[in-house]
Structures are given as C-alpha cells and as structure tokens.
C-alpha cells in the first residue's frame, strides 16, 4: 500500500459513521501514519443518510475537500444501497457492506449479528472496521483495538473490540 | 394527512417537538400565520426549495420570532385580514435568546399566541444547555463529569415570568396530553392579546431515549409532578391535571441518558423540588388569588 | 423657493407619511429620533395611516418590519449608529430574503467611546449586507431620496438605506420642498414573492444547503449590481415629475479641474464651495451600494489627482472604505489618489479646514492617508 | 423562488423518509378501533384513518410511537432487517 | 510527527485551556460549538480553571467577556456566523475600549437563507471593527494562532479574532501538535488601562465629544496599524520556541511563478497543491487585519497576473472584499488582478475546480470577477 | 462630600435619577463595581476625560449592563475579590433593550444587585416611550394628540416579572423615601444571588415638572398608590409602606406636563388601576403565600 | 443688508435657544429669504450653556458648519457672559443681551421683566427676537409674529408675540 | 487614557455647574438642625454638614430640592437675577 488511501463510510445519523472514521484515523496514526477523518456534515437528524471520510497516508495530508473518489467504501446498513449510489466516484472497487443478504460485488458481512452477540445492540460502526482492515490492511487489528479503547474506555470499549475482532475473522 | 404539515421532513424518528408543533397548529386550523424561530423545527422542515408546511410560515432568525410576529400581526390588521398569528420557537429561541422579543411583544399587547416547544436544550446545535434545561441534566455545555453533576441551576420558570406580564392567558402543556394541549390552544385563541403556551416535547437524542418513549415520557413528566399541567388565566392559577399522589421522580428520570449520572441525592432533590413546586401551585390555586 | 422651512427630520417624516407604509417600527436613538417622533405625533393626531410599533430594541424594529414586509405591505423604520449596528445580523437577512424595506439611517459615530455626532461608520460598516445605500447631500435630497427609495426597493426587491447626516441634516431647520402628492410616482407595492396570507400559503425564510445557498447569493449579488439601472431610472423619473435631479442619480459632478475631490454626504456642501474657489472638481457619491464603479471611472478619467474625503475609518486598512474601493476601480489609472479621514464623531469639517485640504493636493502622495486631527 | 421563498407547500413529500426506518410498525386492521390516537401522535405524520389506521411506509421512520400509544394494542412491529442468527 | 490526532475544535480548546482565561463565555452555534463543549467537559472534570458563563445570547457572551476583561483578566469566547453578527455593535466597542479579548471565530455563511457551512462572510464583514483578524490555514495553525492571539492582544491592547474554517477545520479530526506548556511564551496578563477594582477606582467606557472621540479613534487606528510588528514578533517568538512558523507571520508565500494566487483560510491547502502543479505562486493571507499591505506589495512585485480567491461577496461592489483591498494596495502595478468568489455557504472548493481556476488565468481580464457557481 | 459621586456632572437641576443612583451606591459603600447601561446617568457623569464617579464604574452599551455585570462578578470571584457588583440602568436599559441580559443574569444566578432607576421614559434621548412609561403619559413617541391620549398600555410589571425568576429579593423604592431605599439595598446585599431594586426617579424635563418637586412627586406617587413600595422576599410579598387611604390620583398627576392632556376618565382609570393593584398586593401579602 | 447674515444665540438648556433660532429663520423665510437654523447639539441638560445658529440669505444656503464668525450674537441670560466668550469669532459687533445690569458694548434689554409682564414667566427666547430685529432689521415684526403664532398657536403664541413686540419697542 | 478610561476619579469637579443656577438656596444656620436630609437629597451632591448645612455654590444648580425637603424650613431662596421691576 503506497500513496494516500481514501475511505468513505455510509451510514445513518446516529449510527456512528463519524466515530468509525475517527477511530480508523486514530488507528492509522498509531501505526505511524498521517490520517484525517471528517464527516459530510449537515443538519442531518438520526436516521437520515450520512457520510464520513478517512484519508490515510505516509505523508502529511493537506487536502481539504470531501472524498469524491474513495478507494474503499464501507456501508453500515444494506438499506442505504437502495437510496444512495455508494459507488459514486470510486477509484477502487471494494465496497464493504453490513448485510444479511449478500450483495453482488460487495464484501458482505453480517455485522449486525456479530454486534448483537458481542455488544448486545446492533451498533456496527466499530465492528465494520474489522472487516475493513482485514480486506484492505490499512490499519492493524491492534491499533484499531487500541483506538477503540481510547474512545470508549472500559467494558463498552472491550465489547466493541470483541465485535471488531470477530468481524475481522469472519470476513474472507 | 395533515392539513398543516406534510411528511418527508427530517425530524428525528420519534421527535416530540414536531408532534407538539403540529398539534398546536392543527388546533388553530389553517387560518394562521406561523412565525418560527431557528431551531430543529425550522431546519427539519424547510430545506430550500422544499417545505413541509402547508400554512403560511416565516422564519427569520433565532432571536426574533415574537418580534417578527408583532410585525405580521399589525400588518395583517392593517389589511383587515383576520388570522391567528403564532410565534413559535424552542426553549432556546423563546426563553433565552428570543426572550426579550417575547417580553416586548407581550408588553405591547399584540394579539399573538406565543408557543414554546420546550425540549429542554438547544437541540438543533447538538444538545446544549438552555435556561429550560432541568437542573442536573447533562448537556454538551453542562456535561456531567467527575466534579460537576450536569446543569447547576433550576429550570427557568418561564410561565410565571410570562404570566407576570399581566397577559390574559398562559399555560403549560405536554405532548403526553394532546387533548389538554388542544383545549388550551382553543382557550388561548378566545383571548385578545398575548397568550403563551409552553409545551413539553421530549427529544430522542437530546434526552437519550428510545423514539417510541417520547409520548410516555411526556406523560411521566406530568405524573411525577416535574412538569405540572396548569394555566394562569387573568392572573389566576389552575392546575388542569391533578395528581393525588405524585409518582416518584425515578419513573421519569431513569432511562434518560441526560440523567444517567444522577446520584440518589440528586434524584431526591429533583423530587423535592417538584413536590414543593406542585404544592405551591396547588396553594395558589386554592387561594383563588389574582397574582398579576 | 421651496415650499416650506422645516427641520430635516420632519421633512423626511412628511415624505414617509406620503409613502404610506403600513407598518412603522420605531426605537429612539439620537440623532434619528426626530423622525419617529414626528410620525408619532402625526399618528396621535390621526394624520398617519400606518401602524406604529414601539418596539423594545432596534433588533425588534427590523424584525417587525421584516414580518410586516413579508405580508406584502410597505414597512419602514429609522435608526442611527448603535441601533443600526444592533440590526447587523438582520440586515443581511433582510437582503437575503429580498424584502423591500426602507430605513432612514441618520448617520452617527459608533461606540466606543460613545458619541452621538455624525460620521458614516455606522452605515459604511454595513456595506456588504446587500442593502442599497443612498447618501443624501442636503435635506432636500433626503426627502427626495426617501420616496425614491421605496420605488427602488420594490422594483429591485432589495432593501434600501437612505443615509443622512446626523444633526447636519437631521436637526437643521431649513428651506425644503416637500411634495404634496407622490401618488403618480410611487405605485402601490405589489408583492410577488412574499405575502403571508392564509389563502395562499407559502414558506418564507428557508435554509439552504451549499449549492442552493450560493445560487441564492449569486441572485442577490446580481440584483444588487443590476439595481444601478433602476436607481438611475427612478431618479430620472422623479426629476421629470418634480423637477429635481442630482447628477446621474448615482454620482453628481460639479465644477472642473485636474484635481477631483470625491466625497459623500452633507459635507459635500462645504466641499463644493471650496472646490469652486480652488478650481477643483467635486464628485459626490450619492449611491454607495451598488458601488457606481463605471460612473466613477468615467467621471475621473484623466484627473491628475484625486482626494477622497470621508467620514469613516477602515481600521487596520488605512483610510476610509470608499478610498480603497475607488482605488480598486481606478487601478489602471495614473491619477494620484489620496484620502482624508475627516469628521469622525462629529468633528466639524469647516470651509477653512477644507481649504487646507485642497491646498495640500500637490503634497499628497498616491495612497497617502491623512486624518483631520493629525 | 426569490429570496428563498417556497410556494410549493408540503413539498417535502419528495423526500421519502421511509428509507430511514429500521423497525416497521404493522397495524392489525381487526384490532384497530379507529380512535385516531396514533394519527395524532405520529411525528411525521403519516397515518391516516382510511378506514382504519393506515401507515404510509414511504414516510414512516419507524419510531413506534404509534405502537406505544395505541390503547388497543392494534399495532405491532418487526425489524426491517432481522438478524438471521436470532 | 505531531503529538496527537484530534478534532480541530478540540485541539483549539486544549490550547485555550493552556492560555488560562479566567472567564469563558459560551453560546452554542454550529460550527463553533465543539470548542465550548470541549471546554465545558474539561470544567466538568475539574480540568479547567476559568469560570464558564453559559450566557443566553452571543450579545451577552461578548458583554460578559468585556466585563471580565475590564477587571484585568483574560477573557475568551468562540462563535460563528449569526453569533458573530449579533456581536457586531460590541465588536466595535471592544476595540474602542482596547480590551484584549480573544475570540475563535469558526467561519460560517450568514443568513438568509440560513446555512451552517463555511465561508468568510461573517468575519470579513467585521473588518472595520478594529479587531485584529488572523485566519488559520490548517488546524495546526489554528492551535498556534490561538496562543499567539492572547499575546498579541495583550501587547497591542487590541482584541483578536482567530478565524478558522467551519467544518473544514473545526470538525476535521487530524494529526496536530498541541504543546504541553506555553508558560514561557504567554506571560500573565498585566492590565494597565482597565482593572475594575474597588481599591483603585477608575471609570471605563466613557463618552466623548467630537475632538476627544476622534483622538481616541486615531489612537485606535494607529494601534491597529502598529500591531503589524507585534504580530510578526509574536509569530517569530513562537516559531523559535515551538519550531513552527508560517511565512513572515502576516502572509505565507509558497511556490514560484508569474501568476500568483492570493487566498485565505483552509482552502489554501488545496490551492497550494494546484498552484504547485500549475507552476503558480500561492500567497496566503494569514493576517487580514491589519491588512499586510507592504508585505503583499513586496510579495506580488513583478507578477503578471494575480487571482484572488475568496469566500465572501462584497454585494453590490463585485467580488470579494480582499480583492478590492489588494487592488487598492497594488494600484500602481501592471499586474492583472481578478477575483473568484468561491465556496459560499460551504460549496466545496475542490482540487478539480481549482485546476480550472488556474487554467483560466490567461482568459481573465483585469478587474474581472467570476463566481464558482456561474 | 459624597464618597461615591462628585458634583460637576451635567444632570439636570433637580434630577431624581442621580439622587437614586447615588443613594443606592452610598448604601452599598465603596466596595463596589458599578456596571451602567447607556442613559442619562452615563452621559451626565462621564464625558471623557472626566468622570464624576469615585468608585469603579464601567459602561459598555445600552443593552448589556447585567451581562457585563455577569462577567465582572465571575471575574472578581475568580480573583478572590469580594465586592458588591451592581448592574444599573434606566427603565429603557433594564426593562426594554437590556431586559434579556437582566433575565439571563438572573437565571444564571450571578451574585449581582440589579437596579432600575425608573424615570418612566427614555430620557437621555429626549423623552420617548418605554415599557416603563405609565399609561396615558405623553412622550415624544407616544404623544397626546387629537385622537390618542398618550401611551396606550399599562406600565410593565417588571418587579413581578423579575421576582418570577425565583430570585431571593426584589423590591420597589422611591427617591421620596430614601430610608426605605437604603434599607432595601442593605437587605438585598445580605442575599447571595440576583437581587432587583426598582427605584422611582422623577425627571424634570421628562415629566414636565419643577426641579424642586422631584422628591415630593416621588412621595406623592407612593401616597396615591400609583407607586406602591413593596418587596418580594423569596417569593413572598410585603408592602413596606402602607397607606390606609390612598390619596386621589390627581394629587400626583396634576402639575406634570406629561399628564396635562388627561381627561377625567383617564384620571379615574389611573386611580382605579392603582387601587386594584394596591389591593392585589395587599391580598398577596395577607395570604402569606409563596408566589414563586 | 446684503450677503449672508449669521446669528449666534447663547442660552441654557431649556431656555429655547433653538426654538428662537427656528422662529427667526421662519420669519426670514416668510420675508422671502433663505434661512437655516440649528443648534450646536450635544448631550446638554437643562441649565447647561447651549448655542444655536441662524443663517439668513437672499441666495440658497449651502454651508454645513457651525457658525464660527457671527454677525450678531444674542445672549439670553447675563450669567453666560461670565462663562462663555460670547464674542468669540465675531465679525460684527452686535451683542444683544438680556440683562438688568447693562453691560458695556452690548445692546442691553431687560427681557425678563418684559416676559414676566407679557407671558407670566421669564421665558425670553421669543422676546429677545424683538430686540434682535429692531437692532438688525434681518426680519420684520410681522413675519416674526407670524412665525411665533405658527409655532405656538393660541394664547401662548399671542403672549409671546406681545413680549416680542414690547422688546422691539423697548430697545434703542 | 487608552480606550477612554479615566483614572482621575471625581474629576467633573472641574466643571463648575454653579453657573447653571438661576435660583440660589440659602441656609439659615440658626434654623438648621443638621438632620442631613438636604444632604441626602441634593442631586449634585453639593451640601455638606460643616457644622450645619453648607452649600457649595460652585456646583449648586439651584433646583431647590433642599429647600423643599428641609423639615425645619431652614433653607430659603432668592433669584440669582432679580427682575428689577418686580
């Protein structure tokens, strides 16, 4: 992996898409890389489709624009596939999708179930990071785990780490 | 389908405020002009070039709903048009930054129904403390932390403050009691001059609750005495929903994320405060004294 | 001879009455206060149709005007200085909503320190707001501008400030012609985009995502730039109907000379006298927003030296705001352009002083800024 | 459109907020007594009485307030996406 | 590698804590809100010394800061857009009273229509107020500027706005260095002219007749112009102490070329990349008030073509405010100077778009203005 | 000579407001910081480079005395300095344009004494109507004319409005009763938190009266019941100057130019209103109910 | 009388110096002349020294500055002579003074007494106009009387006119 | 003086407002009981008790409030300028 990697995460208000982006960026930072995470901010309420972005690079990042041409796309909910063109502008071809009904051309992972098991709620934002790093290698499991624990110290973090690791393992 | 508000707006699933605002306006009917302060209700309903509203509706800034309404009311009167003029805003827009506009409009006596949709914080900007935030509630600018237990002050008694302007009618209401709310709106409309209705409207992310609980919470606030339903007609207090025995405050507080950090002593303090307040209102009612 | 002798404020108030605003919001502040006072007295005597709202602040004054204007009627207020400053947020909103509200701004210095006297800092610092800004040179012009303002506002769907100098104009009792009848000139306001009415519901004052926002701003910008033509047309129509015109409606050029003085407001009366003495030209800016760039370039073509005299200070930029805008417009030109900052907080800009200014023309460097109290 | 005014009232219906929903309320036509309580309380509002409570899923965000307030338990719900392992 | 990855707002809040303001007034408005929220959380956790006043409006926020500052302590607030606009009257008062208050302005478009996204209209329209205005290009710079601002303010007795782009900076989580200790750099504030104290009574906030008023304005103007030196010195000291500098502290020049792009704010990150590609020079304005006239003249000497890219519109003047000020400064020059108005209300100013802007250089006429959404 | 205020200021001969302001500050003593709103008191005492004040004093704008005081109070507290912080302004500065700042400061609970020197109009700008102007008074913006008899609305009941903020102490006072005023200031200082005192301060040009009448008018306002002296301590009303029989309103109204145009029916209405108001206060007192 | 005449009136806040200036300007206007009247405005309270100005001319007046070089000065109260340099900048030499103790070099007139007689109060602003026009001829008695009646219709005006006329006669 | 601050407190005493006076209050030292009431009520304030009420005519504006409030009629007044015909 060389150059800058750009990730776009699709989710809904309240699902933690921005938190996921920030956790991923933190992990990359822990791996010694430069990183940037931000949302396509808007006055969106819970439930409304939202996007967040991550850039990771060996070099300092100095771009200030939305991610229009992601290398990787993460979709936190399958329903979004109908509403949003998640592949818009994609340079890469990796769409990592949380779903129970596999979708052609995506890396499918049923993160809801994993999260229900591990966290007790269908909160998949951190869980999906496991799949993401497995598929792309843009951060290590350890650094993501550390980043999660920093963000959610204590048992909440531990459960999220568990979910993330499970997803990491579950994805092919 | 509602005559007043179309779906497709972007309020959160389970938003209490949009229930309150719509029900108030439905009770008034279509012969209305709505003057809205900035806040969730504006942002979720009027993204140019669309609008959810089916009645004449204007928004200018955060701090001036009642002042805009003053101009609207007098301009309509000048044109011989008769319509109910409503100034409406959140606790922030009416109790804090727009309170002077409200006070001024009351003082001048314009024929306006001023409505506070009170979700007890600045929700549109992400749950900050307002004067309407209850004591001990955690908000992003009055967060609970290792040394502070959330907001430090009791909620502003805006209804008494408004009633003290010697207006003919002021009332609290709750989206847990829509019939009471509608009756109060109708009653308010019978009076010429300034009227104020303050509606409790739970907020899903702001309070940290399940969307389906919005209405039951709004009921529980009343049953625990934390949100007494009463009205002040020409200076006289009347409790419109009496409770023999107030329910314990936990029933309302537990399950709300904004109160998650409360210690028993905080809960007790809230309960005592609610009780004292309720009893004060009861004694004012019993006395039949004209306060203002 | 004009038809009456009257205080400037009262003359303007008489014109306002003729314009028949339906809602007039009022909050007192020196030196604008005589306008609302005169209107209030008319109301008390049954001589004014509109409703006066005696608000509790200038923020509410403009808010009430916005509410009223949004129902499709004419709305009016007057203010000065701190009052205008308090309206700042709403000035941008009014223009953005394209509401044809008219304000008489009776110019006064801004605090701190507090000062009640004339300069132009108050309205100059609202020059980005999207309002049309007209500056009167005399009380006669203030009266004439006020009715023109309503027509301009309604034709352009832009709010208009009619600026007149505090005390110098507002409190001077002098000979002025106030028309008896302006009906033919100022038609009824026919609102097209804003009329809050239960029979024709609409939503006014929406919010917008980036692209629609910038589109609406561009429309506003274009309207502001296009208003140049309307301002001239309305001015010309008025000149035809009432026999009084002021230059081309945007700027007024008097005298001749290789040195031009560019200025604004009532101080131009004194400047005109001095310029005549000294063989200089006076270019008086009557319309500051939209900025009459083409007209100024035309008028100042071939000048050797230009002195901008203004009553505002662009702090940390140097000189006044108009000075820099003029320099920008004349970037290509060889003229030496310098600036005098004068009359802040009501310092009297006397004929004697202006003679010294004129005499200094040769000693001024391009871009040089001098203060009257230096 | 001048100044951001909108004359097309009620035009947010272009925005199908039904896509936000993760829980689906379901009216049991038999049990529904047409009391209208759910209609009043629906935040969208997207329930009509026609003849009994009918939910417009184009807009329903799945808050389940209707279910909570129905005095006759005429509304049930199920997840829009069920977790297959459960 | 900087020492942490953190949201811009939080990084700034951490720096604010280090600066130890005694009073922090707060009122929420997107996108500035994360700063007060972070500070409030510090307070709740016992990690912040100062008192937070949760006011009921931005007018009261700045009022409370003024009150606090007048007792001789450091006072701070943060705001955006409508909030800054509501402070307008008080901004002039603060500067006039020479109170060294620091505000983080998280830039956002002004209403109407309402919009929560980034542009510079809010602070640009306060450019006359006498405040020093610094604009950050990155979050690192926002952090560094915030501490510099306190020192500049206190040395110059002028209030300072540290402007940072809403969302682009405030809400971007990225790699930033926040110093642990700034004690050596920022000494305690030693008030000389304002300290309300029963033991040493004084009167603050007087009013003034014309001559004393204009004298105080002149002093303020001179202080604003003289602050150029202090801003540079403080910048240099900081660079020495912390190893981070930005050009000469007023402007930052990168790259080479006969065409220069002059811009301000975080969009300069993208512009820098494009300018490099296209062989152009970027002149980033870091300090907009006082206007770095001499520095700009120096940096732009000999350019053939200058493109000003800015996120504000001087309605009715054409283009942005900086464009005209630059043209005024460069009046003598042969360079062709044109303007792009971009990014109003948060329209993303992308690398692709900026490439088009760069490619248009030859086709632009002197004085030409184009809008991104034209 | 006063420790507080030097002569040589430019208030009108016979100004009631400057008596009120000085006496309040003398009752407090020199350990004070005064935050003044724009108005006559600012303009007549602080023409740069002179000042009449001998105590720390600040003025910023018209609308923010109480907000400035909030900052002052917290900044002094931060420095461990103990001093009484006073926010003071006219009826315009405190009841109208600066009322939100006052309300906000009360709500937040800062330890401030807020003083309204009420001369019942905007005097500094030449006698315009404020919410404190009495009904029927002629001012330049509510002039008497052939169709309107002066101001149309009753005076804003600012004291009740303030007391409804649940502050510990609020009181009216008058420069006709300086001992009562001083006692109230002293009492107010004993309470932590927000306190409000509203002092009637006749104005020579504004009321159109002889300068020597300033004090007797301020007495007569009380004796006629038009300006009852009372206090509200922790929500309970107490009349501090009882009048068996209210004097007829003419005694107060006649001789004031602002009331010169009144017809008998106006005078009667004023008298009735004063009486009803006084009786309302009496009955509130008698009830010993806690209103807020 | 040719060219422009400039008058300065010294009085105290509340004495009506500005009203006097306006009445005089109105009278001149009635006489077919251009005129301008204004005060040296300030935040002056009753009792404080104030000034007002009148310019009268056959030609339109377009000067906007205080009157620094008056042709005529009117002083409404003798006490002002001690406080103010009433002759400052004078071009002419006519100082018309309301006084009971004649002052060298002034046109002395005891307008207080006249006003007390005619109006019942020592309000001398209009009364002094009688002296002024007698001495200078810058307006006619009739036009001043008319101007007074316009400003103060009814008995108040009549009394003022009487005082003005008396002063007119009394002055030499 | 930066920013219009004034440290010379009480400096309005440079401004001798006694020149504004048209009526002169006169204390009758005999009658004065030194109750201080006039001192309290004087708007300037310019009365001291030294030993009885003493008015500083440099500042007294002649409002005659002192005369009105003195319970012992110890203050009288006369016009600063009497009309000779009266």
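When the chains are written out, they are named A, B, C, D, E, F, G and H in that same order, and each has its own residue count from 1.
Quick note on the criterion: a contact is a pair of C-beta atoms (placed from the backbone, for glycine too) under 8 Å apart; a residue touches a chain by one contact, two chains touch by 3 or more.
For clarity, every value in this text was computed on a predicted model and none was experimentally measured.
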{"item": "Third chains touching both chain G and chain F", "value": "C, H"}
{"item": "Interface ranked first by C-beta contact pairs", "value": "C-E"}
{"item": "Cα-centroid distance, chain B relative to chain F, in whole angstrom", "value": "31"}
{"item": "Centre-to-centre distance between chain G and chain E (centres being mean Cα positions), rounded to whole Å", "value": "56"}
{"item": "Separation of mean Cα positions, chain G and chain B [Å, integer]", "value": "62"}
{"item": "Centroid distance [mean C-alpha coordinates] between chain G and chain A, Å", "value": "86"}
{"item": "Numbers and ranges of chain H residues touching at least 2 other chains", "value": "1, 3-4, 6, 9, 17, 20-21, 61"}
{"item": "For chain F, residues that touch 2 or more chains besides their own", "value": "10-13, 15, 42-43, 46-49, 51, 53-55, 59-61, 63, 96-97, 99-100, 103-104, 107-108, 131, 204"}
{"item": "Contacts with two or more other chains, residues of chain A listed in rising order", "value": "42-43, 47-48"}
{"item": "Touching chain combinations (by label order)", "value": "A-B, A-D, A-E, B-C, B-D, B-E, B-F, C-D, C-E, C-F, C-G, C-H, D-E, E-F, E-H, F-G, F-H, G-H"}
{"item": "Residue ranges of chain D touching chain B (in the complex, touch as defined)", "value": "1, 4, 6, 8-17, 20-21, 40-46, 48, 56, 58-59, 61-65, 67-69"}
{"item": "Chain D-facing residues of chain E, complex", "value": "112-113"}
{"item": "In the complex with chain F, residue positions of chain G that touch it", "value": "13-14, 43-48"}
{"item": "Contacting residues of chain B [partner chain D, same complex]", "value": "1-2, 5-16, 18-19, 22-23, 45-55, 175, 178, 204, 211-216"}
{"item": "Parts of chain C lying in touch with chain F, wherever the complex brings them together", "value": "26-30, 33, 36-37, 40-41, 43-46, 52, 54, 56-57, 82, 86, 111-114"}
